[in-house]
Amino acid sequence: MSNNLLKGKRGIIFGALNDQSIAWKVAELAHLHGAEFVLTNAPIAMRMGEINHLAEKTGSKVIPADATSVADLEKLIAESMEILGGKIDFILHSIGMSINVRKGNHYTNENYDYTMKGLDVSALSFHKVMQTAMKLDAMNEWGSIVALTYIAAQRIFPDYNDMADNKSYLESIARSFGYHYGQAKKVRVNTISQSPTMTTAGSGVKGFDGFINFSEQMSPLGNATAEDCANYCVAMFSDLTRFVTMQNLFHDGGYSSTGVTQAVMEKFQS
Amino acid sequence: MSNNLLKGKRGIIFGALNDQSIAWKVAELAHLHGAEFVLTNAPIAMRMGEINHLAEKTGSKVIPADATSVADLEKLIAESMEILGGKIDFILHSIGMSINVRKGNHYTNENYDYTMKGLDVSALSFHKVMQTAMKLDAMNEWGSIVALTYIAAQRIFPDYNDMADNKSYLESIARSFGYHYGQAKKVRVNTISQSPTMTTAGSGVKGFDGFINFSEQMSPLGNATAEDCANYCVAMFSDLTRFVTMQNLFHDGGYSSTGVTQAVMEKFQS
Amino acid sequence: MSNNLLKGKRGIIFGALNDQSIAWKVAELAHLHGAEFVLTNAPIAMRMGEINHLAEKTGSKVIPADATSVADLEKLIAESMEILGGKIDFILHSIGMSINVRKGNHYTNENYDYTMKGLDVSALSFHKVMQTAMKLDAMNEWGSIVALTYIAAQRIFPDYNDMADNKSYLESIARSFGYHYGQAKKVRVNTISQSPTMTTAGSGVKGFDGFINFSEQMSPLGNATAEDCANYCVAMFSDLTRFVTMQNLFHDGGYSSTGVTQAVMEKFQS
Amino acid sequence: MSNNLLKGKRGIIFGALNDQSIAWKVAELAHLHGAEFVLTNAPIAMRMGEINHLAEKTGSKVIPADATSVADLEKLIAESMEILGGKIDFILHSIGMSINVRKGNHYTNENYDYTMKGLDVSALSFHKVMQTAMKLDAMNEWGSIVALTYIAAQRIFPDYNDMADNKSYLESIARSFGYHYGQAKKVRVNTISQSPTMTTAGSGVKGFDGFINFSEQMSPLGNATAEDCANYCVAMFSDLTRFVTMQNLFHDGGYSSTGVTQAVMEKFQS
């Protein structure tokens, strides 16, 4: 595609861990569409990843930052503006992690220190990014900020655990901050509620295979892939969607509006 | 139960076809709670049913009425006030029928005359009941009007066909008329979105067994029965819920907020 | 903008009445993005409009069609494929009309013949368009169908009258048909819930000025204009949004997620 | 009213601060309906309140407990079962507090320690109550747990600040825990989204008068009072609503389904 929907736009992309990551696909596609951006990830996550290959491929700089640390975020955003030569037009927040999930704590047996830490990483970090950007006056008017979420914020999936509550909090931050950032600077803030995606993060969830299979069979168009999601992110970063804000946008092949499909029903008929 | 939550209240109950009907259970329970009411059904439906037994059991009169006929509704409501000795406190609308479903027309092959007729019976009738009641000034202040609906108004079930669109229209009428009736007379209007229920109406839907089975396994508390629904209707007719209006209330054992259950997932794991 | 997001795509655009119409703006922008399309409108509406100027400007043909007539739609779609040289990639449905509103009938005093006629024009026509397209196998895979709607489908605005119920029905059709068209042909179907827009259609609603003013003050980004809406439609027709289906998408400057703004609150403080 | 809907039921009521509190009204009404219960509040809140009068009036014991302390909750629940002579049938969670609001920190200038503390008190405490109850096997089958919330979880009110995010998290906990408690013990969990209410807690929010006034004029039935809310809580604790779970129930005089009222519109017409 020869489009350049993001030409002249500057961004910051959180969460590109490896080439299965949605954020990775967003970076590749944003680059094709003419954007310039900084890549960032938690120092510990970055050592595991191959982010430098992505940086090379897209002509980007990498700045490590712990998204729960306001100091790190201040440094990240200030340096990004310097590197990119101006204010920021788009931010992708693709960060999530539940220690309770990792440790195998059932939802009814949470360790509350883990709960708080997971919330900080998965949700409050989104507020911190925006609060820091606002304090540094780092966003251009009509800038676009997107965080990735999952429908567990609305409907319960037993193994998704406290990530459901984290995603609800994240989506609420999008609305709350979207209100204030919209009024103050015409910046828009949305969440994209993506099909379950076989990323490194996703594969940490127990029974994830069955989960993806169920979702595939419950979606009239099938599950959206990471590449599809990147396309949608580019649309949301572009000037085509300037009046969409404070929304949770389902990108899921119709899953969210489907009660049941023929294929699934057949498993329940005698 | 020795309660008399509806003591002194007068009602009209549409749709008691036989002892599997939700409306039938509502009539029985409303009677136990001290209400007096008129039973009504379409003349053609009544010949098939056993409504006279219900009338006897509950000390009620039966007035046949085609709910799509404003003339019939005028007669029904006027006579009901006369029989019951005053204005009406509650109305149950439990009516629905799709000719496209009956005739086996797929949703993508609708006969539009059937569509319109089904809409008139299943949804517009609800407006006609309320418009007629309002013109006759037939409702007491803080009266409560309830229509039964199904989650197909929000999420698609392939065999539910144009009833999904009818239920969406019905729920919209509840909001629209609820606004105006609330402002004018403090009458509240709500829909109850009930689990699939093995009634005569329900059993007309193709693959209904699998449907109910799926729903049962997807509901943390299981499907709500017709008796449970009657309990909820009584709560909604009582003075305990006077400020609930213009709502669609899920009465479904948690189905609507469940993404998947362990039991369902197991069918999708390899 | 030098983009050509719709290059090679063929469409049908319903409802371009004059240069205030959203459909008019969509046609202009789709043309800039490389699409070819047919314009259509009801014969009676067309006589009032200036659609031929738009056709000239965009190199389009005009085919009059009453969207409630299946025969007209069959002719429209068959001829469109012939003129455009292949199957269709996108359809815009921007049609709505309430005779009850025009005649000044209050919502609690509907004339039900008018109600049915308005529903046919405003909502059932959307089903007819898709059913006809499906029968003629007229859509390409991953085609995109969009209808315009308004938040009155979710929340009541007293003067919007039976259009609220029509829009609920319309949005339900998008879900229902989206399910079946997605499964059968990977065609996606969505509604865009647009800010109130000062079009010829909009200005027919009583008190529309106050309505638009209220909405403007209740939207963190202000009301979205017809041009903005055209941008969003182009995004929804493009390949960037292939896994978005069966959704109602708010394009409203944040209105739908705003409880109140500071500006509005000030009118209620003593 | 001579009803005894809660006869034989045992409960725990959190958050009765003074006679303006919703929890206070719930205690009074639950007592009239035959329930026996324990009252609890944070030690610091209790010194300010008049909870002992309520305890006397309703024949209840008071057990101080910090709802963020699992140890306190364990003691509370264990002692409650002892005092009441058996397992618990209902719990009311009416707790909320934002330090950012108290300190006057704007939403875009949060102190994150305050944010975390407010979340713990306002939302995570609800999880802690249920996790503790489940570990102690303290709930009877078909027990009912309700937390109070506000529509700011869905739509932004500028001064509601981080309480919006807290309420979103709270409502998510209701769904998440409702799933697990429903499956394990048939216990239901819901939130009631109440009109703004002039309680001591409510009056801490900036511009609360205008807020209540706006809400009153935007609600077809007017704002629901604390007494009305108590009625609804009793309905939700009773056996009439056993299949309602994982829901957020609006108790708001129709506010949530109203776009605008005539009264509000008039302020925006020229």
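As written, the chains take the letters A, B, C and D, and residue 1 is the first residue of each chain.
Note that in this section contacts are C-beta pairs under 8 Å (C-beta built on N, C-alpha and C of every residue); 3 or more make two chains touch, one makes a residue touch a chain.
Please read all numbers here as calculations on a predicted model, not as lab measurements.
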So the chain most remote from chain A by C-alpha centre is B
Comparing contact pairs by residue number, the option in A-C, A-D or A-B matching B-D for over half of them is A-C
Chain centres from averaged Cα atoms put chain B and chain C apart, in whole Å, by 32
Chain-centre distance (mean CA atoms) for chain C and chain D, in whole Å, is 42
Note: chain A residues in touch with at least two other chains are 154-156, 158, 175, 178-179, 246, 256-258, 261-262
Seen from chain B, its contact residues with chain A in the complex are 151-152, 154-158, 160, 207, 209-211, 213-214, 217, 256-262, 264-270
Residue positions on chain C within touch of chain A in the complex are 1-5, 175, 178-179, 182-183, 186, 188, 195, 220-221, 224, 228-229, 231-232, 234-235, 238-247, 249-254, 256-258, 261-262
Seen from chain D, its contact residues with chain A in the complex are 70, 106-110, 112, 115-116, 119-120, 124, 127-128, 130-131, 134-135, 153-156, 158, 162, 164-165, 167-169, 171-173, 175-181, 184, 246
